[in-house]
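Okay, got some structures for you below.
What follows is a pair of complexes built around chain A, which joins chain B in one and chain C in the other.
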Partner chain A sequence: MRKLNLADLDKLLGALAREGRVYAPFRRNGRTDFAWYGAAGEPDLENYTVKAPKDVLFPQVEPLLEFRQEGRRLALQAAPLPQGKVIAFGVRACDIRGFAVLDKVFLQDPQDEYYKARRDSLTVIGLGCSEPEETCFCRTFGLDPARPGADVDTWAADGCLYWDARTEKGKALTDALGGSVPFADAGEEPAAVARQAAALRDRWDKLPLHGLHFDERLAAQELPAFHSPVWEKLAPTCLGCCTCTYVCPTCHCFDVRDEKTGPFDTERYRCWDSCMDRDFTQMPHGNPRKGRLERFRQRYMHKLVYFPEDHEGTFACVGCGRCLKACPVNLNIVKVERALAAELADTAKEGSE
Partner chain B sequence: MSNKDRMIPVVGVITKVTRETADVTTYQVEKPGGGKLFEHLPGQCAFLSVPGLGEAIFSITSSPTNKAFLEFSIKRTGRLTDFLDGNMAEGQEIAVRGPFGNHFPVEGRLQGKDMLFIGGGIGMAPLRSVINYMLDNRGDYGAIDVVYGARSKEDFVKYGELTEDWPRHKDVRVHLTIDRPEEGWTGHVGFVPAFLKDLAFTPDKTVCLCGPPVMIKLCLAALTEMGFRKDQVFTTLELRMKCGIGKCGRCNIGKKYVCKDGPVFTCDELDDMPDEY
Partner chain C sequence: MQKIEELMREKAAALLQDGTADCVLAWRRGEFPYDHATAVFHTGEELEELTYDCFCPANLAKYLIQTSRAGQKAAVFLKPCDTYGVNQLLKDHRIRRDLVHAVGTPCGGMLDIRKIRAAGCRGIVAIEDRGGDVAVTCAGGPVTLPRAAVLLRKCLACKGNDYKIADEEIGAKQAVPQAPADRFAEVEAIEAMTPEGRFAFWQQELSRCIRCNACRDVCPACSCEQCIFDHPGSGADGKAYADASQEALFHVIRAFHVAGRCTGCGECGRVCPEGIRLDLLNGKFAKDINTCFGPYQPGEDAETPAPQFTFRPGDPDPDTAVRNEDRRDGHA
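Our next item is the complex of A and B:
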């Protein structure tokens, strides 16, 4: 393992930026979010980001093609696949699992070529957590926030950034940095990293969501869960603002839209969309998810039931807790899972009595 | 083209436009310079694009045995279909993306079966692909009955094919019905579910049922009463779609995506899915 004085973080980011475009947490206007290196703001390895870094793989807007229509003639040109190395720096265990969830969607047959190109050119530098927040529950999904599991794992501890290149990609990047970063050797298991991990473990036992378990049996109960009375109880509170979907590391619904860019030219792009939105499934003759209840139910059924059914039990949730913080009416997946699992357990109990 | 992503369409050319009814038009599409844009199987769908208005998905109504072109019979129901109706003419180029979805099992479970096709309105479009496929491979299938309901005589799509071409084949019967009596119409009047009972089909047939959701539900009830099992009845579903490959998140019913797991389902499969379509 290597280490670097945190005072030299700028040097590291500068050196990384020579190897590819760097996406890292920066603090601006009192808020921390992932941004491209070079934009305003200070790198921030302490605070959690408001949004997930999913847009590094699944951009909010992605051009697909250009049409040129002149009279009866139509020409189209597919948008070139994204090129060039990208380095995501400071990604935590939850968001790394988020990438793995997105992989299941976009890399499954037929593979999304744009996503694949981004995925292949991405090197992820993880960041071990030290101060989990009260909304954190990544342990629910078997994650260890002290071990991000990226191409390179890093820890900010005792004034140093510890650097552990784990994969071929991570080692190649480390080699490419060469002497431009003043790394020092940190030995096999630096005491500072071990101390931080131990402190983290003590802390997570005291978190409000400690011990939270998501019921894996939900995946086997699609119809009872769909017809559960919990939706009628919870859905009316939802504003349908879609904020939860935009901050979520695993939400991946998209729209495809056309925009006229000239008298003969049209650009087609895809952009983030939300299943919580009213128009999402609107068709000329009707809407199968016509009300708030249907849309609310769809989002949580997808995360807790449909996705695990399709992907060997993997929930489309990573415990990052962003939706707990972002929802203006204090609804979130934890509340929904608890209510749903409890209601189904009660029904099963009644049935067996 | 720089990549093979399935979101990228190809350019086709409209080679014929046929007005079928007041609100249905059939568009024949080929490769510019001739030939088929792609092969498909009966029941599969494709997206048509109008730059600036976007894309919508339609069933391919021509049979895979048609080696010259693809056909789409499209009803005016919104901005894109209205535009197609007013603006597509022979020689117009159009973007096409497909084929998507599963298909009627013409090379599997339907082989050797006596078939009953039940279509309502524009729901006949995907069935026509199966019927013509079977007629072109006549030896592989048993008797064929087609029940087709429309609002009026003027609302039958491909009327000539229905009344002249299909009945010429051995063991093929076409039963038409319209919603209300009409001058000059000597055929059956009434809704399809009741007509099915009048025709007293025996439940040894395999059914392909396609039409508006309410018609599907009522026909299924009639068929069940007549002794058909739900696994003998194939139907197609239609939901809003943006990608066609199970990623955009729109067309799922439970864990199934209509775009890739459908659009063809048996009615017993529907029983295992949430009623959200």
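Our next item is the complex of A and C:
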């Protein structure tokens, strides 16, 4: 393992920026979010970001096609595949699992070419957590926040950034950085990193969600879950906004839209969409989910039931806790899961009596 | 505030029991000390989960649209500032007065969990509102913060502790959290900028928009049956645009649309995940209306029509009025 004085973080980011476009957490206006290196703000390795970095693979808006009417002809021009290396820096364990969830969607047959191109050109530099928040519950999904599991894992501890290149991509990037970054050798298992991990475990046990378990049996309970009275209890005050969807590292629905860009020109692009949205899934007769309850139910059924059904039990949730912080009216997946699991357990008990 | 919460439970139970209300709009206790969800209660048994303290900032008025539309009689607990929203919805004919039972609920100012986090509180386990200060228990140890430093922005310019509509009141009125700040001070600071500076400010703010629509969906003045921005036939139903400047247009159009009906409840600014100062955009309109037509507070009552919706001889031309005001202030 290597290490770098945190005072040299700018040097590291500058050197990374020579290897590819760098996407990293920056703080501006009192908020931290992933942004492209070179934008305003200070790099921030302490605070959690408002949004997940999923847009590095799945941008909110992505052009697909341009078409121009030329007399009686229509000239089509597909948007070129994204090119060039990209380095995501400071990605936590939860968001790295988020990428893995997106992979299951976009890389399954038929592969999404745009996503695949971005994925192939992406090198992920993970960041070990030191101070999880009360909203964090990545451990519910078997993750270890102290071990991000990226191409390169890093830890900010005792004034240094510890650097562990784990994969071929990570090692190649480390080699390419060469002498431009003042790395020092840090031995096999630096004490500072081990101390941070131990402190994290102690801290974790004090947090309110430390024992949270998501019930795997929900995936086998599709119909009872669908018809559960829980939805009638929780859905009525959902605003139907897309905040939870858009901060989520695993929500991946998109819409394809055409926008006229000139008298004879149109651009086709895709953009994030949300099942919470009233005009989601427009079929000839409109949205099949007519009301708030149906739309609210869809989002959580997808995350807790349908996705695990289709993907060997993997929940479409990674425990990043962003939706717990962002919901304007404090509804979220933890509350839904608890209510649903409790209700189904009660039903099962009644059934066996 | 423990006592108010108990009064609310008793009141809610009585209103459901005697048929005054088919449902009760209030808050349900959360996972953490601060994340109480807005909730609809239908039975006495559920009321155990009803809670109320300094983390109930949400304005429940907007939910009255759906209860009214469903023909349900709804009892709703309203903080003084929330009552403006109810009046405005009545004025806009979005809710039925006979289906609303308004219960005035005292408020001593709501706290902002984002400010508490920004003050360095991580891994929050407990929060105690001690009046003058707020004691936060974090995984790393206790932190004490002055209450004034963590009040929600909207509470810094509190409109006062009077209920503008209430069928009954519970508990004793609480003092306004602090001497209210000038509501338009920040708007004036933006007016004082150069046009380039102002453009840069708004570009900086609005470029962060992720089009989650939370500002619109929480807004009691945004009460259309279907928003033009969601209507597939409108030609304006963007979810996100390839051209980012259109994101800004969404907010500008919305601000025009709610002008004269926006009560200044500040919910748009509170709910924005990106912390965009939408309240300032609406505040500018409120200030200009005051300048052009004299003081007007939407939601003060349920009858007085907004100045833009009435013609009075002597009404100034808005453009001229605002320019004259600018000249008086010494701007170009």
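The working rule: the second predicted complex is superposed on the first by the 348 of 353 C-alpha atoms of A that agree within 3 Å, B and C clash if a C-alpha of one lies under 4 Å from a C-alpha of the other, contacts with A are read in each partner's own complex, and residues count from 1 in each chain.
Rule of thumb we're sticking to: a residue touches a chain if its C-beta (ideal position, glycine included) is under 8 Å from a C-beta of that chain, and two chains touch if they have at least 3 such contacts.
Everything numeric in this text was worked out from a predicted model, so none of it was measured.
Undergrad: Clash or fit: what happens to chain B and chain C when chain A is overlaid?
TA: fit
Undergrad: Of the two partner chains, chain B (first) and chain C (second), which one does A:343 touch, if any: first, second, both, or neither?
TA: neither
Undergrad: Touch test for A:67: chain B only (first), chain C only (second), both, or neither?
TA: In the superposition, A:67 contacts chain B only.
Undergrad: For A:81, decide between first (touching chain B), second (touching chain C), both and neither.
TA: After superposing on A, A:81 lies in contact with chain B but is clear of chain C.
Undergrad: Thinking of the overlay built on chain A, is A:8 touched by chain B (first), by chain C (second), by both, or by neither?
TA: In the superposition, A:8 contacts neither chain B nor chain C.
Undergrad: Figure out whether A:282 sits in contact with chain B (first) or chain C (second), or with both, or with neither.
TA: both
Undergrad: Considering only the touch criterion stated at the top, classify A:113 as touching first (chain B), second (chain C), both, or neither.
TA: The answer is first: A:113 touches chain B but not chain C.
Undergrad: Should A:326 be classified as contacting the first partner (chain B), the second (chain C), both, or neither?
TA: second
Undergrad: Quick one: classify A:19 as touching chain B (first), chain C (second), both or neither.
TA: Touch partners of A:19: none, neither chain B nor chain C.
Undergrad: Angle chain B-chain A-chain C between C-alpha centres, in steps of 10 degrees?
TA: 90
Undergrad: Applying the document's definition of touch, where does A:209 land relative to chain B and chain C: first, second, both, or neither?
TA: second
Undergrad: Please provide the least distance in Å between a C-alpha atom of chain B and a C-alpha atom of chain C in the combined superposition.
TA: 7
Undergrad: Quick check on my understanding: which residues of chain A belong to both its chain B contact set and its chain C contact set?
TA: Touching chain B and chain C on chain A: residues 255, 257, 273, 282.
Undergrad: Show me the residue ranges of chain A that touch chain C in the complex, using the header's touch definition.
TA: 29-31, 33, 50-51, 60-61, 63, 131-135, 203, 206-209, 233-234, 236-237, 239-243, 245-247, 255, 257, 259, 261, 267, 269, 271-273, 277-279, 282, 324-326, 328-332, 334-335
Undergrad: For the complex, which residues does chain B have touching chain A?
TA: Touching chain A from chain B are residues 1-9, 11, 49, 51-55, 77-78, 81, 89, 91-95, 212, 238-240, 242-243, 245-255, 272, 274, 276-277.
Undergrad: Under the definition above, what is the set of chain A residues touching chain B in their complex?
TA: 64-65, 67, 69, 72-81, 105-106, 108, 110, 112-114, 222-223, 226-227, 252-258, 260, 266, 268, 270, 273, 275, 280-285, 288-289, 294, 298, 301-302, 305-307, 309-310
Undergrad: Give every residue of chain C touching chain A within the complex, in rising order.
TA: Answer in residue numbers: 30-32, 35-40, 46, 58, 63, 66, 113, 117-118, 122-125, 139-140, 204, 210-214, 216-218, 226, 230-232, 237-243, 267, 270-271, 273-275.
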